[in-house]
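What follows is a set of structures for review.
Both of the next two complexes hold subunit A, though its partner changes from subunit B to subunit C.
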Partner chain A sequence: IYSISKYATKYLTCPMTVVIGFEGSANKIGIGIIRDGEVLSNPRRTYITPPGQGFMPSDTARHHRAVILTVLKEALDQAGLKPADIDCVAYTKGPGMGAPLVTVALVARTVAQLWGKPLLGVNHCIGHIEMGRLITKANNPTVLYVSGGNTQVIAYSERRYRIFGETIDIAVGNCLDRFARVIKISNDPSPGYNIEQMAKKGSQYVELPYTVKGMDVSFSGILSYIEAMAHKMLSSGQCTAEDLCFSLQETLFTMLVEITERAMAHCGSQEVLIVGGVGCNLRLQEMMGVMCQERGAKLFATDERFCIDNGAMIAQAGWEMFRSGKVTELEDSWITQRYRTDEVEVTWRD
Partner chain B sequence: LSACFFHHGLSLDVPFPSSHEATVALGSLSPDREPRKGGISKQLTVSGSTLSVRWSADEARILRVSVSSFLDHLSLVLETMQKFGPPVSQ
Partner chain C sequence: MAIEATKKLGLNVSQKNNMAVAELLSTATLVRQGAEARLYRTEFLGKPTIVKERFPKRYRHRALDEKLTHRRTVQEVRSILRCRKAGISVPVVYFVDYSTHCIFLEEFVGYSTVRDHITSVQRSKSSQDQNLEWLAQRIGQILAKMHDEDVIHGDLTTSNMLLKGGSEDQDSELVLLDFGLSYISVLPEDKGVDLYVLEKAFLSTHPNTEALFQKLLKSYIMSSKKSQVVMKKLDEVRVRGRKRSMVG
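Showing the complex of A and B:
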């Protein structure tokens, strides 16, 4: 009875579990603190590049290095917590860009050692799913995960988040971001947000390739087509930039709704959860909502605070993993640019 | 055997206030492997309160990239220790 571990001792005296989550796999750096499903703090910074330019790994890592300790202090101050109040340090293990991932992992490893807390490497995609489930209370949804780096339709079965359909080339958000660069749309606050606003003023639908392949989708051909045609069509007055934004959104989102519906039919699912940065697009939510209504299904989505990459989502997935008994040893805490959603054994669900 | 292919080397010794801090830095900097598969090796060790790094590479270009990114990483770890340390005694 005297050999009880220090973590077990803490559960006996205080049953609350506090997890801090570090995220920085792309151009957002976020640190969030979660205490048993309650978001105590979730500050974030975005690396914004000039119009026409994407974000490169080394520049993004430099941005993250410059602000990460300020964001960490904000996370602790806003939560009103001291390092001693934290039970576990979670960080994004992958997938994502190598240099930014390493930057964030270095700080997570260092504070975990300084504070004497266990470390936990989290799959970024699982972070999105668990945050979506926490915020919307969706029970067992078909998940559409759409962002700048990922496009997947996912359903849970027997301890894995299984990928039913995905992009066979670039992510939907990457297609939108690169289209924004072609016609020099601002990256502030994000290219996708600005495309969404411009699309509201579009009136003419320009036909684009439609590339659903079974359960999968392809976006690179649509991007090549619009890259090749955009300047010609705009300079000849055939259509406006707003028309192109509108047409691109309608085409891409119709494809996403189609594969989501097919996965729902396959699984007999009556719930859809949209996560990832593109998931805060209200037009995508509207189109998915129509499909759900026709099927008598329910749509769940969150706003930009939790859809877009953030620290709390890593803390939440970390909380689930930690409570199910998982930790990551320091020597196993290497980051990985490739890390599929279905590689993780989901030990915290039945 | 592969050592004979390496033509470029570098040693770096980083002093810390205590061996505990040197060990924390080692723990933070060690887990990630070099991004490229071959052509470079990097070894980190701690002796007393000194963190030592030994590189060997077959091209100066590859060595320079590795050393430069290591220094960025080291300075971030040091800054984290200054702002969020000192280490709690176990």
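Showing the complex of A and C:
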């Protein structure tokens, strides 16, 4: 799907490469511009549904269509650039929700042709990893990628980001989001953020199912349990909603720290990088930090600008790929809902 | 000396054990600190012994930590005993101290992990598959026996299996270890997931061993009475990861 870019020789010798990245695989639509490791702009909009509701593909795509051109203009204006200054147009090829992915890919294809620039389809997960590496300067970390759609423990080895552990059913963020719906927690700015704030006020630890299978985790059990028990426990006065948030976080995050530690022990790694929307959670960062301290390892994490889906991360991964000589021809610039992290050949690292 | 001291202070049995274990560990040699536990080498009842100490994990909430540590110690011992009764090669359990979560296990002197064995065979340039086929067959057999006992290991990797060191001897004993995540289940789904965990660990640790792993599964199918359903579940679990829509 990739061909060697005819621009390759030009850009490998040219010192400044500017890449614009388009991201909209879930409910966030972001467009970012990167120039040689510098984030020039990174505007974003989030489609927020009322409490108790999740976001549906067609509504999300509609939201993205309504704002994408405004966000595009913002990205260029904030960077102080014109289309002619862009060297490459990167977009999220997948994975993600079909309708929103198509919407964004369409705009990316159109501007690439309008501006006469090469296109590059980027793997969303790799976008998170490359942005994390850029911002934190972590050398070769064990990566915990946790978001609403993904939960993976990844380590780089021989030209691939290999998945050492993952969820065998739903993602941890999905578990948190669906729990928020059950007790009608607000989705503004995000359900996970509100669960985190409520958890800070919780004190009673309620026992919940804990499922680790080797280096994999399973969240559907704890979700079904808490979906069934939440109302009973709240109405009986056994615990408060804050206690449930607290207990859920403690249990879920302990599972994540455990599989990360196992992967580290397995790979002999001394660095951990947390990426993805759930990575914003300060309690998760705190727990991972304690685990790292006990092993003499170092923890790397970013803030919500880069943890949460954004355009600059696609631009950054695109920058790496473009500089290593890759482009996506128009006929190959389709999108896909399923795109494994280990399918991509990581040509920009040794 | 510790025993007199505890008698004087009028401590109860578990407190006595606590102090005795602590004193023993202070003279033991630390072999390894894994993600889950520390392993010490010492002598107990005149036999070479490995003490597996599950230490508190500070990142966990205290109640959760105690629950997990206790449950895993109990599950490990229970599963090992169940396997032993069925004639599956596992370490002998000499002693368990539930207050410090220490398990005293038989040490296999001169054994190395299957992981190290496969890695060294792959590194040497001799024809690998022939040297490893017998191993794949043995692993398949032992896992079939374990699953027929309805013991789910929960953490199958080549680091959790031991082989007599540097041996080409195809009759040498293959030992299973690390039953901390194990549980009892009759469900083919759980057995399928158990094999899936091994497959992932196997293929990610030992590159280019897909054919070898297939031999392992064939051996499992031939040795187990209930393998058909388990294999079907394994196929389902494999696809599940790829079929899942990854959003966000």
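Definition applied: the second predicted complex is superposed on the first by the 336 of 350 C-alpha atoms of A that agree within 3 Å, B and C clash if a C-alpha of one lies under 4 Å from a C-alpha of the other, contacts with A are read in each partner's own complex, and residues count from 1 in each chain.
Keep this in mind: a residue touches a chain if its C-beta (ideal position, glycine included) is under 8 Å from a C-beta of that chain, and two chains touch if they have at least 3 such contacts.
Here the structure is a predicted model, which is why all the values come from computation and not from measurement.
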>> Just checking: does A:Pro95 make contact with subunit B only, subunit C only, both, or neither of them? Give me first, second, both or neither.
In response: second
>> Contacts for A:Met287 in the overlay, against subunit B (first) and subunit C (second): which applies, first, second, both or neither?
In response: second
> With the two structures laid over each other on chain A, which partner does A:Leu72 touch: subunit B (first), subunit C (second), both, or neither?
Replying inline: first
>> In this superposition, which partner touches a larger number of subunit A residues, subunit B or subunit C?
In response: C
> Which partner does A:Ala230 reach: the first (subunit B), the second (subunit C), both, or neither?
Replying inline: neither
> Once the shared chain is lined up, is A:Ile34 touching subunit B (first), subunit C (second), both, or neither of them?
Replying inline: neither
>> Which partner chains sit in contact with A:Leu273 here, subunit B, subunit C, both or neither? Use first/second/both/neither.
In response: neither
> If you lay the two complexes on top of each other, which residues of subunit A touch subunit B in one and subunit C in the other?
Replying inline: none
>> Considering only the defined contacts, which subunit B positions touch subunit A in the complex?
In response: 24-25, 27-33, 35, 69, 72-73, 76-77, 79-81, 83-88, 90
> What part of subunit A is in contact with subunit C in the complex they form?
Replying inline: 25-27, 94-97, 124-125, 147-150, 158, 162, 164, 166, 168-171, 173-174, 205, 207, 210, 212-216, 250-251, 254, 257-258, 261-262, 264-266, 276-277, 287-288, 290-291, 294, 309, 337-340
> Which positions of subunit A touch subunit B when the two form their complex?
Replying inline: 61-62, 65, 68-69, 72-73, 83, 98-99, 102-103, 105-107, 109-111, 113-116, 330-335
> subunit A touches which residues of subunit C in the complex?
Replying inline: 34-35, 57-61, 63-64, 67-68, 154-157, 159, 181, 193-194, 197-198, 200-201, 204-205, 207, 237, 240-248
